[in-house]
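Each of the two complexes below includes chain A, the first together with chain B, the second together with chain C.
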Partner chain A sequence: MAEEKKVVKVKTTADKSTETSKKAHLLVRKYYHEAAQALQEGRPVAWLMASTLCEEMCRAMDVTPIYTENFGGTAAAMQGGIMLCEACEADGFSMGICGYARVGLGHSKLRQELGRVDPSWPNGGMADPDLIIGCSAGCEPRYKWYQAQRRYQQVPFLCPEILDTYPVGMDPDDLEDYYVELLVAEMYETKALMEKHLGKKMDMDKVAEYAEQSERTRNLYWKCDEIRRAVPGPMPVEDMLSCMPFGFFYTAFKESEDFFQELYDELAARVKNGVGVIPEEKLRILWGWGLPPWHYLRIFNYLESKGAVAVMQECYTNFCADDCSQYSDPFERIARYQIRCRNHGHKEANARHLGVDVSRMISYVEDYKCDGVIQHALVSCRQRTIGQIASAEIMKKYSTIPVMSFQSDLVDERTASQAEINQRLDAFLEVAAVEKERRQKAGLL
Partner chain B sequence: MLTGGIDIGSTMTKAVVMRDGEIAGSEITVTGAEHRRTAHLVMAAVLERVGLKLDDLDFIVGTGYGRLNIPFADRQITEITCHARGIGSLFPQAQTVIEIGGQDCKCIRVRDGKVTDFAMNEKCAAGTGRFLQIAADMMELTLDKMNELALNAREMVPISNYCAIFAQQEIISDLSLDIPADVILAGLFDSFARRLLKMAASLKVVREVVLTGGGSKHRALRAAVENILGYPVRLPAEPLLTGAYGAALLAAEQVQRAGRAGGTRKFAEVSVG
Partner chain C sequence: MQDLKGLKRVETMLRTDRLARMKELKKEGRTVMGYMCCFVPLEMLTALDIAPFRLIGDCEEVTTEADKYLETIMCSFLRSAFDLAMKKTFDFADGVIFTHSCDSVVKTWEYWRYFAPNQFEWYINVPHIVKASSERFFTKELLRLQKALEAYTHKEMTNESLRKAIRLHNRNRQLMRNLNEFRKENPPRVSGAEMRKTLLACMSLPVEEANSLLEEVIAEVKARVPLAPPDRHRILLYGPEMDNDFVDLVEECGASVVIDDVCIGTRYYAKDVDWGIEPLDALNRRYLEQMVCPRVYRRPDENKLAPGETYERQDDLDLRLSYLRDYAEDWKADGAIMYLLRYCDSHEFDAPDVRDYLQEAKVPVLFLEGDYMVTKEQNKTRIQAFLEMLDA
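This part shows the complex of A and B:
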């Protein structure tokens, strides 16, 4: 029998520019380890999805959260996504299903087969849950994923109805109260179910404390994005994607707030001293519609090697800061904050007769002085892909800068060819450079 | 002024030498596995043909997939920019360029020889020259014969353009049903043309439309494209050379920008604009 050949691993993660972001993985790992420790000590663990509005409730009930979507991205970045996707597909799930879902389902499938979580899995794997809490916000796979999860884990599945984005063209002032009423009702129902399954009452004073904590963390997260408008850009997209888990998932944690304070201080110092990501920032790029290719975050370093910096991203941002401290019911406070952030820019979008996502991108191009937009068409995420051709057309009406789309996936590297992506990026950057030169000659810059 | 353009494509390598804005000579060869060796050979061949040495050239631009493997090139520029520049020079009215290469195809919107937008096929052989080569091999036909049959067909069957392998299976199935080869081939070229135009549609196809790249030499493909568009498209005299020609033109612009000529190629930092 031939000797087994060693597989040469090619680095796909990005080299980071900011010192704080280089430490992000340590805090992510800590959150996963805390869940594993909770399991060992007999304390409950919950698997959550983003936008469930349940983190504060979990913390108030001493339930340790793990975000399964975050695990999907982390697994892909650590080159462990395909193993888990293949385990999922081997059980009959389609390759077209959301990559995050396939990683989560594959994890549970292998966990069932092995009888344990293998510590060699990314971040040591996810600790077994006592509860899984999904929600309806975002996309359809989020409903079905946790439903399918119960093939492997017979634990209670809660699924609050979270409707948090306004329809196009409606006046936000007319809608906020209705949306908040729905969310608060859903949160009380979730509270009742959690109390039933965990056999104890939820301490609403603690929920209020964690709601305040989340607000502080998220406001700082937004502030870090705001300061990135500076030229040269102090922080590239790949760095913010590493820090994102603390502003998008683990927000009710003091460590997350402290992390963003440290990051903000570093960014402020970089801006003050004119420190950019690369010595000569020739082009500024907006990472537009579509989630990141977690399996190939080095794409951002590739851009930098060509003199281009991705200075801002449209995905996983907080969109604004707010203060909802006047609402005494912590659920209302959480709901108001969420609704206001998610729909920030809606009035401006209405004035443009556009959807809020596209409108935000138009604003980002202006605010962050971008010379080009890159959109990522995701094979396994139709929700963030449908409309990209239309959004590119719309953006071209507001700006002459080029918009490029490329196809791969959020998790599944089998869908992508890095050589082909780079080929496309080379041409795009040439077009962006020519257009920037034209605008400079025309006195538009 | 003497400049060179060299285009290492996935299938063919092309070189052009220009003297004072005119093509002095060109060469086309198979790329093979050793890009550097091929680059040297093709450039040596064209230089010999025009009686020059490498050092006589003021600037050389490399393009194509293998552009990073041309040790003597002063600058690398993507084939999208090079094709646009080449076509812009040959057809100043061109607004849409469809380049059909060996392993990919591209639609390029151009204005004054500069790229304003572009689209490329995704990771699939459908819509590339390889697709037609697979079909020709399978049907044991030369590419010329394949075109002749398709052009003379009076009917066609629909063939999938989603995937080259699916198309191959359909052809096998159609052959087993005794569907004549010319009818299958007419469907194949129609399918190919629709795939190209679907990709191009994301940028809006605006007349004049120019086809280029090795795949555009298929007469039946050109006919199918024209049939779908409803108007004639343009074709360079040698479609394989437009990338290398554009590269040589861009090389000349680099020299002009630097404001000097004379055989020392030291202007690699000049911008593309």
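This part shows the complex of A and C:
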């Protein structure tokens, strides 16, 4: 009998540098298992998008959250994304729509066909939800995905209108109050609907406690990014991407605050002792626009093998260290904090006649002493891709460092070859090194 | 060109310079502004004597300048429009107004205003969800637009001027609907290509002139003998920004496009602004609640549901898509063609639902994905095969 051919999986995840970040995936896995356990025990589970402003409400109602965008990234990192994408595409969805959405829709389609979640799926798959909560913040897939989800799943779908980003060029002083008013109204509507569907009242004191908790977590998350300005860089982007779920999704967990405190302490010690990611940091890279290629996180180790460290990223950042405790209504507190974080740097961007993302990149290059910018054009994401070429053009006015873009996807490894990406990186790093040398000779560094 | 009448004028406008009249008006001292997408309340511009024109691309012009700034993995219609902006096509205008229509428009706006700036630049943050709090937010956005336009023009927008403008634009939409009625006939007395061109011409004229042009076109169409033999297949066309020549291609293949659900089509003229309520409230309703576009999320009333219940999937689909079934019935379409622009996320997310919904209504569907610049031969083969399938 012929021997069964073994499929050897090539490692695509990144080796981490910091000790704290090495524990991150275990904590994320634990949250998925907790959701599965909640389902078994009859406790409510909700599927959520980022920016729904529901994290605190879920915690207050003992609802176990599953962040479905996070699942998309995790599935890709665990090399389980394509099977789910293909299931979605077989139903007529385009390969161009958000990779996270394709993973989620594929998951639900297969769940419907099998009658159960297959435990061999990444992180054991997502437990069935009692509620799904999308929103209109950030990008269209945050509500279109869950709307399409109804092909496979009939559970209450809550969809708050979260407009939390100021339009380019508008004066933020004219906008904050009525943007906050919208968000607060939406949170009250979500509260009423959650109470109705879950059959119990929401304890607003608990919401207030969790709002405070979230702020503490997010402020620490921000502090960790701030300390990364040090030379040599104490923490690379791949490490922060592992830690991101606690500062971006699971913010109302005390565990998340503790996690970032531990991370901050580790980074502070590294900075104090001059410990970098690699022995000799030749080039400092800003991971510019575009989300990471979750299917190829080893790209960061590849950079390191060439003496370059991705010291900071433009995505998944938090900015605000503002104290919003003066707002007695916890929903207003959450809304103000969110609005101020999302629009941090808006005035500076207006002064430059730019959008806030490009403007932030210009600031990051200076603040983090970067020698080059790498941008990732995502085939399945308009929001984080359109304008990468333009922003490279704009940045020429502010800096002489090179900017490169490569195309693949956040989830879909079929869109690119690692060898080709590496080849492009090699050429880019050569240019960045030459430019750095020129600046050094010119006394600009 | 104003000596020409009806469809001749339409043809000439589109063949020469669609915006020639706008440029004349600008020279005469009138304020002219370009607008992107269906969500800009044109009535507010007309109320201040601003002449609005639709920003579109040019499917016959190869994009060159846009390649320097915008990715290819985005809406090709917007890339084409941006390309024209970079080639100074819209430079004569006093201003441009964009809206939060979709992710591609939001991002394009950011670079449009940087690389192709205008004197007046405005962006309306249109909510996505039909509900009371979104409507309140949208009212504030409309008030901000009003203030900004008044400041720019040094004129006051009164209720009276706004009502007058609403009346003119309602008349415009009514005339378009009247013209569209001729497509119910078998054979249709006006073709899909003629409808598209007439609408494009109207979008390039001040509303009073567009209404006069439409009256001429309607009189001309009314007087003509039917255009095509009665045995042609009758097609419902579904898609996003379709000012390109895709309609013409379908008709060249031997079918008649008798009804559409596209941005440069019925989405523009299907609904009027209500007359009996405050003008701003009426605009709010028209441009959010009544707008048919996949980027607008509407659902059955959650508050009417029992705890733990959700609305039936069929109710959701009917609420979102029943108008398509009605279009197919009323215009007696025997097939539908969905032509989606690649990377148009909101349409792409809806596509399987739209396809299934039409098929369940016994309307066969051809689903094509392509670019603003239509690849003719490849699509022709598929359209012809689809029409042959309808024959069988």
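Simple rule for what comes next: the second predicted complex is superposed on the first by the 441 of 445 C-alpha atoms of A that agree within 3 Å, B and C clash if a C-alpha of one lies under 4 Å from a C-alpha of the other, contacts with A are read in each partner's own complex, and residues count from 1 in each chain.
We adopt the following convention: a contact is a pair of C-beta atoms (placed from the backbone, for glycine too) under 8 Å apart; a residue touches a chain by one contact, two chains touch by 3 or more.
This is a predicted model, so every value here is computed, not measured.
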Give one of first, second, both or neither to describe whether A:C159 is in contact with chain B, with chain C, with both, or with none. second
Figure out whether A:V431 sits in contact with chain B (first) or chain C (second), or with both, or with neither. first
Have a look at where A:I389 lands relative to chain B and chain C in the superposition and call it first, second, both or neither. both
After lining up the shared chain so the two structures overlap, which partner does A:Q407 touch, if you call chain B first and chain C second: first, second, both or neither? both
Tell me the contact category for A:D367 with respect to chain B and chain C: first, second, both or neither. neither
Going by the contact rule set out at the top, does A:E226 touch chain B (first), chain C (second), both, or neither? neither
May I ask you to decide whether A:E189 touches chain B, chain C, both, or neither, giving the answer as first, second, both or neither? second
Of chain B and chain C, which one contacts the greater number of residues in chain A? C
After lining up the shared chain so the two structures overlap, which partner does A:E89 touch, if you call chain B first and chain C second: first, second, both or neither? neither
Between chain B and chain C, which residues of chain A are contacted by each of them? 389, 407
Residue numbers on chain A that touch chain B, as the complex places them: 389, 402, 407, 415-417, 420, 423-424, 426-428, 430-431, 433-434, 437-438
Touching residues (chain side chain B, partner chain A) in the complex: 65, 77-81, 104, 114-118, 120, 122-123, 202, 271-273
Chain A partner, complex, touching residues on chain C are 68-71, 73-75, 100, 102-104, 106-111, 113-115, 117, 121, 123, 125, 127-129, 131, 133-134, 136-137, 140, 144, 294-295, 297, 299, 302, 305, 307-310, 312-313, 316, 340, 342-343, 345-346, 348-353, 355, 367, 369
Residues of chain A that touch chain C when the two form their complex: 91-94, 96-98, 101, 130, 136, 139-141, 143-145, 147-148, 150-151, 154-161, 163, 167-170, 174, 178, 181-182, 185-186, 189, 193, 196-199, 353-355, 358, 377-379, 382-383, 385-390, 393-394, 407
